[in-house]
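Take a look at these structures.
In the two assemblies presented below, chain A is common to both, partnered first by chain B and then by chain C.
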Partner chain A sequence: MKGVLQEMSENGKISVLQLMVLVFLYTIGTTVLVIPSGLAATANQDAWLGAIVGVLIGTVVLGLYIALWIVYPGQTFVGICRAALGKWAGSAIAVIFMGYGFIGASTVLFYVGNFFQTQFIPRTPIWCTVTLFALVVVMGTRLGLETISRAAELMLPWFLLFFAILVITLVPAAKYVNVRPMLEFGWKPLFEAGLSFAGTAYMPIVFLFAVFPHVKTPEKAKIGVYVTALIGGLCVVLVTLLCILVLGPNITARSMFPSYALVKKINIGNFLQRVEAVMAGMWFITTYVKTTFYFYGGVTSLSEILNLNNYRNVTLPCTMIVIVLSLIVYPDVVYMQYWDSIVFPPYILLMGVFIPLLLWIIGLFKTKPGQNAAASGKNQS
Partner chain B sequence: MAANMTFKRIPILLSVLILMLPLTGCWDRREMNELAISLGMGIDRVGKKYVVTVQVVNPSQIAGQKGSGSNESPVRTYTAEGPTVYEAIRKMTIASPRKIYAAHLRVLIFGEGMARQGIGKSIDLLSRDYELRTDFFLLVARGTTAAHALNILTPLERIPANKLYRSIETSEKAWAPVTTVTLDEFVNDIVSKGKNPVISGIRLTGTEDGGSSTDNIKTTRPAIQLENNGLAVFRKDKLVGWLSEMESKGYNYIINNVTSTVGHVSCPNGGNLALEVVRADSKMKGTVKEGRPHLSVELRVEENVGEVECSIDLTKVRSIQELEKRAEERLTRIIRRSLDAGQKKYKSDFFGFGNAVHRSNPGYWKAVQKDWDERFEDAVIDVKVNVKIKRTGTVTNSFMEDKEE
Partner chain C sequence: MWAIAGVIVISGLCAAIEMPSLKGQKKEQWVFWLLLVLGAGLGIAFALKVPIPNPLDLIAFLFKPIGYWLHNALQPSQ
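== the complex of A and B ==
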């Protein structure tokens, strides 16, 4: 019993397929629920084009992460920081990174609580929903990467089923005139929208560097991550397009949760209708994966920075912090929208693009060609 | 060993205790018998206050009773007034023992007076509140208040709100001069500068008073009835007038909302012949030529001969061609009527030609969107109608045809 508790931080190994499932759900999580509204507010009927631009930006961002992975094989983000910048400076950057993991987990928890309170149970205190959700998250984190991955594998078919129902049942309600005229406001809003899309969907993938070292075959995994993240992004593009086609750009932009407003429109022959509460399961699955890996990224970074031999020891105190933080992280929903649209983009650009880019460039200079293989061999053992 | 076992049981005992907590149920639970399920809501304005009327189902009269055992009304209405709609709805608890539950709302009725003053502000609550969906129909009560309209009991469909919902839906599919408008469609129309909203109207027929007693549904011909009545034309969120049945039908032809209807043409030798529309497909286009909007409607209709009340030889190809020509003329006239109502009578583009122009020429639209309704007034609109008569029903010539010969 004692031996089990004192094992290494994370000695579980996951397969490429499992990682792909995680990346897929992680990309869609929260993005699909909130992003169409912002996209429609910026790009009107071109919101879906903005989302496509976001996927294109995503290909570059993902390319950067893959490159970073190649330069620092088998390293977590904390390890990369330290390898590139030395122990102290590296740890300092790692602390900022870890901090965002916890803020990210808190904000997503708030999203969950807020969604419940706005749409289903307005008089239940938000701490109840948030605590219950956080308990499942911390449970998954403590059980380890293998358990979460298998759970994600089990949840994937449900997600795909709901998603297929969503698309198929809404096609009859689509009004194709809604997307026209295309490019009325030019390209500029598309890039603005694309950036916020990539910021929500792709840049948080940087937190999966906590997971990357635990993949069995890293070579195949790189392509897998790249492809599944893009497919995940295309799913969000599809939902955004459906929002525009079914609800129209104006109502999409005005809605707090446009994709929820969207599933409310499902009505096949006055028979298959009012299924939104069931369909919301889709968001709980993806949001769960998102929250868990923000949190996982946070606690594994913390334990690595402090050189703890088991991250599980810090999960419970961190959960308490995250729960309390989630209750105060946004004082109100208007502040939430302000923060998400004004503060978040530059913040995530710093965390998800500039710091990784810097680390990558340093890594290129530090590792001479030929040393790569040796370094990777050392870390694999 | 025994002590160790007891020690081990504590967490199990604790988790059992903790699991008992959620057994008390959902925090936000609402039992069926605590809800007043409202299927119809009406909003009127008196002075500076909203008067909100809600039609609530009387469950004991609806649930599984064959025949009407008692004389209780199947629905009950509550009325309350307040400076905002939300306050008025909550205020209803002064009379209602249950809280109003609006998730199953079928129709939202505005009194004509209220509609003329503008209804935009009053529907914010309905799009904001989490309970409500957007699939209910908006209606205007012509010449009366919403409160009055909601107080009328109807036969066949025991719940009047359901009756209104169904009859609008049925009439749209089979007769075509009404249009179902849901909340989000209406909101989209108000916001868009290229289309003004339209809402179907209802009116009361028969005597002025009564109708709220079950006596009204005891007879084969109720003293007071609710009927569909053409379309109400809006400019922004204010009602400006009504379309006649013919104009309403033309409107639906133009916006491609005709599923089926029946029309008639006069035969070459006098008398009428009824044609059933089995398929109608229209395209609305708006382009810009020489700096002026150039609008057009193209309508393709497939019809069947439904009733022959004149002498015509339906076995001849030429007579079908003649009928097609006459049907085209008639449909063009119907559409022109409707267009005239928009361009001349109400000076409001409720068809959405502006949106068509917006789609085809965004640059031009930017320049004209502010005063589009004025430009629409003297825009040239082409109407092209193509009618194909496919079938003549189960017989060819009318039996009257032989008799005359």
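== the complex of A and C ==
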């Protein structure tokens, strides 16, 4: 019954390729804009090695999500929680996840507003930019998964174009002295940097469990998700490496948006300069996908927890709540850096690793192989 | 004052957009109105500069000790 309702409220299914595009853009998301700064503050000139450690942690985390997906085929995260822990305990965990979906959407909205206010339009109040961005997000969410996926497919070539321009134009400006000496501070900072990288890029993929049941061929999709998420992570590694090579570790650590400071350095023959506003389009695309899926995860979880017929009914009021939250979650940038570097890693470890791991272990004991096949067969028909 | 009027107008718009699709669904209507009142209340509170409790503070309170422990454990040994 529940499955039927969910099917009705969702217009259509998405293909493996569309899911891969979503995962790719979602992984890059806000990570590329904000994470190089934190990595450089933790690991100095080894920031890019820290990012690679993050990708390695990511391979394990993604493996866990794929395993969870295999044990509970065709279930959203709320469904997984309920199947593993029973109705009440499962719903309680699901409520915490839903809350994080909304908080995640608000924090990303704050990043957008902060980026606009400090870099583009300083005299426009932050609530204006945040509201405009949230309007586009809620529009996408209301139009449904298929529409967002197709929009993402259309946006992908633009992203790739901008990314290629960024890499090609900046490689000549790289100064290799900036990455030396390697491993000056030992291995430990690399793990802290890697943890915060994986926490921003890979662990939020747990929210895409709201999307996974709507994929047409789940078997191929699993490999696709794994590979594209890793490629997305490697793109961020590349940007971090360029930040260190071009700007140096100190400037990278000091700037709020190092990759934006990086594209300001693009200079071809003293003629093609200051293209950063165009290049920023790249981050609007990825940030849009990230915000939309935090929000989508939040509202679909809410509607599944309360057994509503259609998640669209709650999107507009939730947008109002998220907009106000985005204006209060980070009272200032100092609080933001404290929260992101001290509180966020253990928090996302609990949400993105320990709870899914627990659910997976319970699932291994609970479901028998025969049951599994039956459930997945039902989902595909 | 204008901000409050704005929040109320926007809430009215949200309700006008959603009302047709909520017809005859009791539970959905309840959830919708509760969330809308919450959203509008938060909006008005923000406009009046009433301090709103920050959910991140709660998370920070719970995870701060382990966060600092993790941070210190991964410092380079000098």
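Going forward, the second predicted complex is superposed on the first by the 370 of 381 C-alpha atoms of A that agree within 3 Å, B and C clash if a C-alpha of one lies under 4 Å from a C-alpha of the other, contacts with A are read in each partner's own complex, and residues count from 1 in each chain.
The criterion applied here is as follows: contacts are C-beta pairs under 8 Å (C-beta built on N, C-alpha and C of every residue); 3 or more make two chains touch, one makes a residue touch a chain.
Here the structure is a predicted model, which means the values were calculated and not measured.
Shared-chain residue A:I223: touches no atom of chain B or chain C. With both structures placed on the common chain, the touch criterion links A:V343 to chain C but leaves chain B unconnected.
Using the contact criterion defined above for the overlaid structures, shared-chain residue A:P181 touches chain B, although it does not reach chain C.
Contact with chain C, but none with chain B, is seen for A:E192 once the two complexes are overlaid on the shared chain. In the superposed three-chain model, the partner touching more residues of chain A is C, compared with the other of chain B and chain C.
Looking at the shared chain after the overlay, A:V278 reaches neither chain B nor chain C. Once chain A of one complex is fitted onto chain A of the other, the partner contacts of A:N267 are limited to chain B, with no touch recorded for chain C. In the superposition on chain A, contact is made by A:R123 with chain B only, not with chain C. Chain A has no residue lying at the interface with chain B in one structure and with chain C in the other. Chain B meets chain A in the complex at residues 26-28, 130, 133-135, 184, 187-188, 191-192, 355, 358-362. By the touch rule above, chain A contacts chain C in their complex via residues 99, 103, 107, 185-186, 188-189, 191-192, 195, 306-310, 312-314, 316-321, 323-325, 327-331, 339, 341-347, 350.
Contacts from chain A toward chain B in the complex involve residues 118-125, 128, 177, 180-181, 184, 247-248, 250-251, 261, 264-265, 267, 273-274.
On the side of chain C, the complex with chain A involves touching residues 10-11, 14, 17-18, 21-22, 25, 27-28, 31-32, 35-36, 38-40, 42-43, 45-46, 52, 54-56, 59-60, 62-64, 66-68, 70-71, 73-77.
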